[in-house]
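To keep things clear, I will list the structure first and then write my remarks on it.
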Amino acid sequence: MFHHSANLQYAVRVDTPDPQFAKLLQQAIGGVEGEIRVAMQYFFQAMGARGDDKYRDLLMATATEELSHIEFLGHAVALNLEGAPVTVQEDAAKDPLVNAILGGMNPRHLLSSGLAAMPVNANGVPFDMSHVYATGNIAADMMANAMAEGSGRVLAARLYNATDDKGMKDMLSFLIARDTMHQQQWMAVIEELGGLEAMMPIPNSVPESHEATEHSYYFLNTLLDQDAPEGRWTSGPSMDGKAEFSVKQKPEPEGQKPSLGRAKPNSGAQKEQM
Amino acid sequence: MFHHSANLQYAVRVDTPDPQFAKLLQQAIGGVEGEIRVAMQYFFQAMGARGDDKYRDLLMATATEELSHIEFLGHAVALNLEGAPVTVQEDAAKDPLVNAILGGMNPRHLLSSGLAAMPVNANGVPFDMSHVYATGNIAADMMANAMAEGSGRVLAARLYNATDDKGMKDMLSFLIARDTMHQQQWMAVIEELGGLEAMMPIPNSVPESHEATEHSYYFLNTLLDQDAPEGRWTSGPSMDGKAEFSVKQKPEPEGQKPSLGRAKPNSGAQKEQM
Amino acid sequence: MFHHSANLQYAVRVDTPDPQFAKLLQQAIGGVEGEIRVAMQYFFQAMGARGDDKYRDLLMATATEELSHIEFLGHAVALNLEGAPVTVQEDAAKDPLVNAILGGMNPRHLLSSGLAAMPVNANGVPFDMSHVYATGNIAADMMANAMAEGSGRVLAARLYNATDDKGMKDMLSFLIARDTMHQQQWMAVIEELGGLEAMMPIPNSVPESHEATEHSYYFLNTLLDQDAPEGRWTSGPSMDGKAEFSVKQKPEPEGQKPSLGRAKPNSGAQKEQM
Amino acid sequence: MFHHSANLQYAVRVDTPDPQFAKLLQQAIGGVEGEIRVAMQYFFQAMGARGDDKYRDLLMATATEELSHIEFLGHAVALNLEGAPVTVQEDAAKDPLVNAILGGMNPRHLLSSGLAAMPVNANGVPFDMSHVYATGNIAADMMANAMAEGSGRVLAARLYNATDDKGMKDMLSFLIARDTMHQQQWMAVIEELGGLEAMMPIPNSVPESHEATEHSYYFLNTLLDQDAPEGRWTSGPSMDGKAEFSVKQKPEPEGQKPSLGRAKPNSGAQKEQM
Amino acid sequence: MFHHSANLQYAVRVDTPDPQFAKLLQQAIGGVEGEIRVAMQYFFQAMGARGDDKYRDLLMATATEELSHIEFLGHAVALNLEGAPVTVQEDAAKDPLVNAILGGMNPRHLLSSGLAAMPVNANGVPFDMSHVYATGNIAADMMANAMAEGSGRVLAARLYNATDDKGMKDMLSFLIARDTMHQQQWMAVIEELGGLEAMMPIPNSVPESHEATEHSYYFLNTLLDQDAPEGRWTSGPSMDGKAEFSVKQKPEPEGQKPSLGRAKPNSGAQKEQM
Amino acid sequence: MFHHSANLQYAVRVDTPDPQFAKLLQQAIGGVEGEIRVAMQYFFQAMGARGDDKYRDLLMATATEELSHIEFLGHAVALNLEGAPVTVQEDAAKDPLVNAILGGMNPRHLLSSGLAAMPVNANGVPFDMSHVYATGNIAADMMANAMAEGSGRVLAARLYNATDDKGMKDMLSFLIARDTMHQQQWMAVIEELGGLEAMMPIPNSVPESHEATEHSYYFLNTLLDQDAPEGRWTSGPSMDGKAEFSVKQKPEPEGQKPSLGRAKPNSGAQKEQM
């Protein structure tokens, strides 16, 4: 069960409201790299967690923290919108500079939300829950989480560069820090479970008879006029420790030329196809 | 530039067409765990790759292979739909057993595609390109790719269990194998670049002054009535080797109680809010 | 800031797992009438609340409760999926009755989530955050909330009828009850602020000069071969107490016939349009 | 059956074409607060109306009016786009001021529609029909309609403030007026059916035995460090007149700690979860 | 301006209600081949029509007819749902046959709409207005319209085969007929404007200097191991009468190998990319 | 099976990077008129092609070419983004002119992709695969393809006008040329199969008894106050050569007034509806 306390997890200060930066910040709320996504992803993973219950607790604890991140980011968006003129009659709106800024803000911050945060990204596209990755496989889920935190920290770092407001920089340095912790804690689960080598290939529970292992360890070079790019993936032991990497240069197709023959009568095709 | 040769990458055989399994297979084409996603994800990552060009080649080579996976899966869907009755007058349609099967097929395989594959998932929801994760950060992208292949292999393993058609099992064992290779090759890139410890936290190029590092290594226990779940993430060296993990039990909010005050005149609020 | 405690807000018991009912329950999680929607709607309204801060608290308190509803519903979905066969080899899967049930379950519960809840509706369509209605106008928002709870209670009542599992009926009777409270509490806010008459028309802050009030109180009968349906809306005092309702039968258009003239050169039109 | 007459419902005049305002106006066409939504919502409610047929007629009559609103708004968008330069060679395009305006217009008005209205919102996001709320419950639907008109009028009022074009202000004052009527007419249906008290809780047809009424009238205070915000919802008679409101401070969870145990073999989980 | 008259454009009769067929019929309402799409497509094309005003009238007249098609299809869906049991207690619901049918119906017809039509397709996916194709180019739009009617008639023909209800077959034979007329009327516009040869390539107003015409008339054979499929497109006069078709076998890329070099500092990339 | 060679199909040169033009170019990648759409549409049509296999080859060959178009357009987007400042500290960002440009760029090019192409349109809306039209009817599909290429060429022509960069104009003149070929090649298939008259109405395989042919050749004039717009569609032989066009002026509805009666008990409606 969830509870709420009155203060924000972290202090939010905006020295100079900037409606255009409010638009950018939306990416951290409603973007695929944002906080709604991780909050919901960890929440749904927790609800579907099977195995040791402590992972369920871990997921739920961090889902709860991410909800608090949405909360202070939402406040930051609203504070950045404080200065925006709401009518063309206002003096500010007559200033061409302000006009230029307004040209760059999200018009729905004015028209739809009344100067407040929305669950949308920096293009105004609403967040869509298909981005909640939760497979029931703990290793796949941990990778998805580390990935989400990695891209989230990339975003936070770019937002940090996109403002020179001291308050905003302070808040973003906190977000960058928490994303540091979170991406590590998910990889820590993988280490605790035995490490990447033992976890891979995900899922590590596939019976050997279900896999055509003769195809499991070669890099397929589909490049016609180049040799395969050489690297860790072309030779040496595979990451799961079970085989050696190799390369299949200029691969030949192994299947048939597909053909479906004529269309059935009454299938809605043209007569000429039947 | 892309080219095409006539035969499928791998042979597709369907011993007993099964329209319901055709619906399930769609998840491997148009689902978030499916082949359109990885093909497009690697393609867009390749187009945005900066740094050593060999990673661009690696991404493009595998993007190209994934296009070939879409191709043979699409053929498998069509072959599974071969037997489906297209009119209620057909004998097959009068058979209650067949009817039950039809009740479980995707009706748009009949109504919209004329017994062929569609770029949708097992619920008939079209694939949406927001799932193409490409950040311009090679470590974030490699994690996204390993994650995609991990969840793809989980899916392929489940599809393998959901059919007893020998031809389909054979094709899926090939997919399982290629997903094994692909998830490893992306992690191999990370190893080649110095390994996870050196890569993390992603991005590893954030200047230290941009991060409130006092918040970077503690697990925040937002659980009111439990201690933090203990594990690799609560003590010991952090995964990036820079600090020690710790726990913040029963965290106090560090921010203010947010308040936005009264609404501006002409902002579309009620009089009572102004 | 958010916190979490270990137990569910309400006990969840499933006497007979039913994967088909799990699919139906998803509507209460990820449907437009569901709990993700209200949780997020109240949360975003709270973050944008201007005026008396107690309404912000009210919204946040209930947003927090709705998160707990997602949690127990998610558990209910997982429990209903416990019995589902995961391979066609299992005995259960060979039973034609079970097969019929499986034909009616959401295949992604098997393929994607590993027998757990997802943030999707009963058709498997992911929830999309455009359904978070938050305008910054407290009366519009309260109406949106009462509406959401009304349609949520309609859904809960229908789900109650769709199962005869005692545990599920018990849980749903709790949901029905909370939806009773919630729809009333939002209307109570309107009453506290002065009542519907004083609140309407929303927003009640539009200067009179901005409204063509000669068009504000007639019902426009666009029906060619019928008189206007008579009722409370065709005569008597208007709901805002400012005028009398009337009817405009067989309305004549008041505008011009629209015409855009020829297309501009270089605008991408055909020559014949220029 | 529908019919059309040549003139617009209301005259549209644009004194000074403004491509940026064309972008804003799109919210009134293809936004969730816009006219496509209400037209389609009333249309689908009408088609599903059960009970007294006059409500079907009422809904269809107003659906028809809303189609006419789309029509004149669409014309207004096109007229606002008349001045936009279509090539960078045009003089206008060289003017930095014009350039600034262009930076703020929707580029798809130029690229995709050829200077005409589109069924998208002010961010260019296409309208999606999931926003057509139609439950088959007349009270829920009337609330949804009053809500839609309330948020529509908030939008129209904000658009009025965002332009100083006399023609546009005149058209918007008409829209504001019609939204006044429409929100009232839907509440008038509720009054005619017996009033809010009799209608609530929606649906008012739930048998008492289906509701855990001991949970129907308390406000749940999930706020850890504050008392419940006091108001009309914490004491006094409930809005449905059936009970007294109360408060549950510091609520204890009533359910179990959820646990799903180990994962099934062959379910796609990791070995460590089984 | 729009108007409405009470009777349906065409009589709707359902002899044997069939909830599963109601699901299929939804494709004709909310599918991409359905009536909402054409109604809205012609409406938006009409609003953006430039050139001879009679094409605007033609489009608006048919948009209006398509609205009437939605109306009678919506009624057909509701009539097919009449028999569906709404509680598991009803006798019908205990019949395994009925159960099988229910397994195949759209559960949201029960849960969300209360046994009425919805603006969704046969998978329950809501219609999304991005499918309204309206370019401002009359030839492109007429092609889009003929295409929409062609795929609409394919759908109607398949639906005709999917039912043996006499009433439904009668209604669908009317839809098939109107789709016949509509696809022809849009091609008739092209003929009237001079015919396909004169209209093509669309847009026919591109200045010759804007086109690299040396690339305008060859078929590019990207097939590695096959000659180009021969046909009308490989030799003989082009369809626009301006040149001869030819084939480019085994095409060589004409561009450079793309490379973006190193990543910029502060761009969020890894150090190793800079 | 697919293959890749290193060089781009066509050379890409950007003389003056322009982040705002990068945003516009996205429409040609991820817009409904763009290259992802045609690549995927031809690919899925190929996979579902029934009848003469050469059409499958034709479709696959061109699908493959379109993938190469995505590739060079993606490179063009990245090159246009080269100059964009990534931090507000950079000199460029302090220049008000640059600022104005930045206000018009897609912020996610900075925040999400790290200065690279994305699978989104000019509004930042991700491409969604529902736009892949593939019906299994070759004539419907060829019309869809010609339409897609027609609207694609309209777009390319508009993009040509929207830049004065010589390199970009050169690349776009190539795209315009290929769109010329492609729209013609699809119409050539129709001609080869017998021409439009023989192909229409699509599908040409509907048994006559399935069509109410008395409704197949009249134009329905739903305009109340105007005669039908006269043209090729109101008289003369129909396009399929089977009948004469006529007009139905002032059409009377032929159906009943729809009414659904009272709501069923337990259906979630209000008591007053039952």
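Per-chain numbering from 1; labels A, B, C, D, E and F assigned in written order.
Basically, a residue touches a chain if its C-beta (ideal position, glycine included) is under 8 Å from a C-beta of that chain, and two chains touch if they have at least 3 such contacts.
The chain list, named the UniProt way, goes like this: A, B, C, D, E, F = Catalase.
Remember, predicted model here, so these are calculated numbers, not experimental data.
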- Message: If each step moves to a chain the current one touches, what is the fewest number of steps from chain A (Catalase) to chain E (Catalase)?
- Response: 1
- Message: Of the pairs B-D and A-D, which shows more C-beta pairs in contact?
- Response: A-D
- Name the pair in A-B, A-C or A-E that forms the same interface as D-E; by residue number, over half of the contact pairs must coincide. A-C
- Query: What is the distance, in whole Å, between the centres of chain B (Catalase) and chain C (Catalase), each centre taken as the mean of its C-alpha atoms?
  - Reply: 29
- Distance in whole angstrom between the CA centres of chain C (Catalase) and chain D (Catalase) is 11
- Per the centroid of Cα atoms for each chain, what is the distance between chain C (Catalase) and chain F (Catalase), given in Å? 32
- Message: Residues of chain D (Catalase) that contact two or more other chains, please.
- Response: 1-9, 32-33, 47-48, 50, 57, 60-61, 64-65, 68, 71, 75, 78, 86-87, 100, 103-104, 112, 114-116, 120, 123-126, 128, 130, 135-137, 139, 154-155, 157-158, 161, 202-203, 205, 222-224, 226, 251, 253, 255, 258, 260, 263, 266-269
- Query: If each chain is a dot and touching chains are joined, what shape do you get: line, ring, star, complete or other?
  - Reply: complete
- Note on the structure: Seen from chain A (Catalase), its contact residues with chain B (Catalase) in the complex are 3, 5-12, 32-33, 54-55, 57-58, 60-62, 64-65, 68, 71-72, 75, 78, 86-87, 114-116, 125, 128, 130-131, 133, 135-137, 139-140, 143-144, 146-147, 149-151, 153-154, 157, 160, 169-170, 172-174, 176-181, 183-185, 187-189, 191-192, 196, 200-203, 205-206, 210-224, 226, 228-233, 238-240, 245, 251, 253-258, 260, 263-264, 266-269
- Message: Under the definition above, what is the set of chain B (Catalase) residues touching chain F (Catalase) in their complex?
- Response: 1-9, 30, 36, 40, 43-44, 47-48, 50, 57, 60-61, 63-65, 67-68, 70-71, 74-75, 78, 112-120, 126-130, 132, 134-137
- Task: Under the touch definition given earlier, write down the residues of chain E (Catalase) that touch chain A (Catalase) in their complex.
- Result: 154-155, 157-158, 161, 224, 266-268
- Report the residues of chain C (Catalase) in contact with chain E (Catalase) in the complex, numbered from low to high. 20, 23-24, 27, 31-33, 97, 100-101, 103-104, 121-125, 154-155, 158-159, 161-164, 222-226, 251, 253, 255, 258-263, 265-274
- chain F (Catalase) partner, complex, touching residues on chain D (Catalase) are 1-6, 47-53, 56, 86-89, 96, 99-100, 102-104, 106-108, 110-112, 114, 120, 123-126, 135-139, 193-194, 199, 202-205
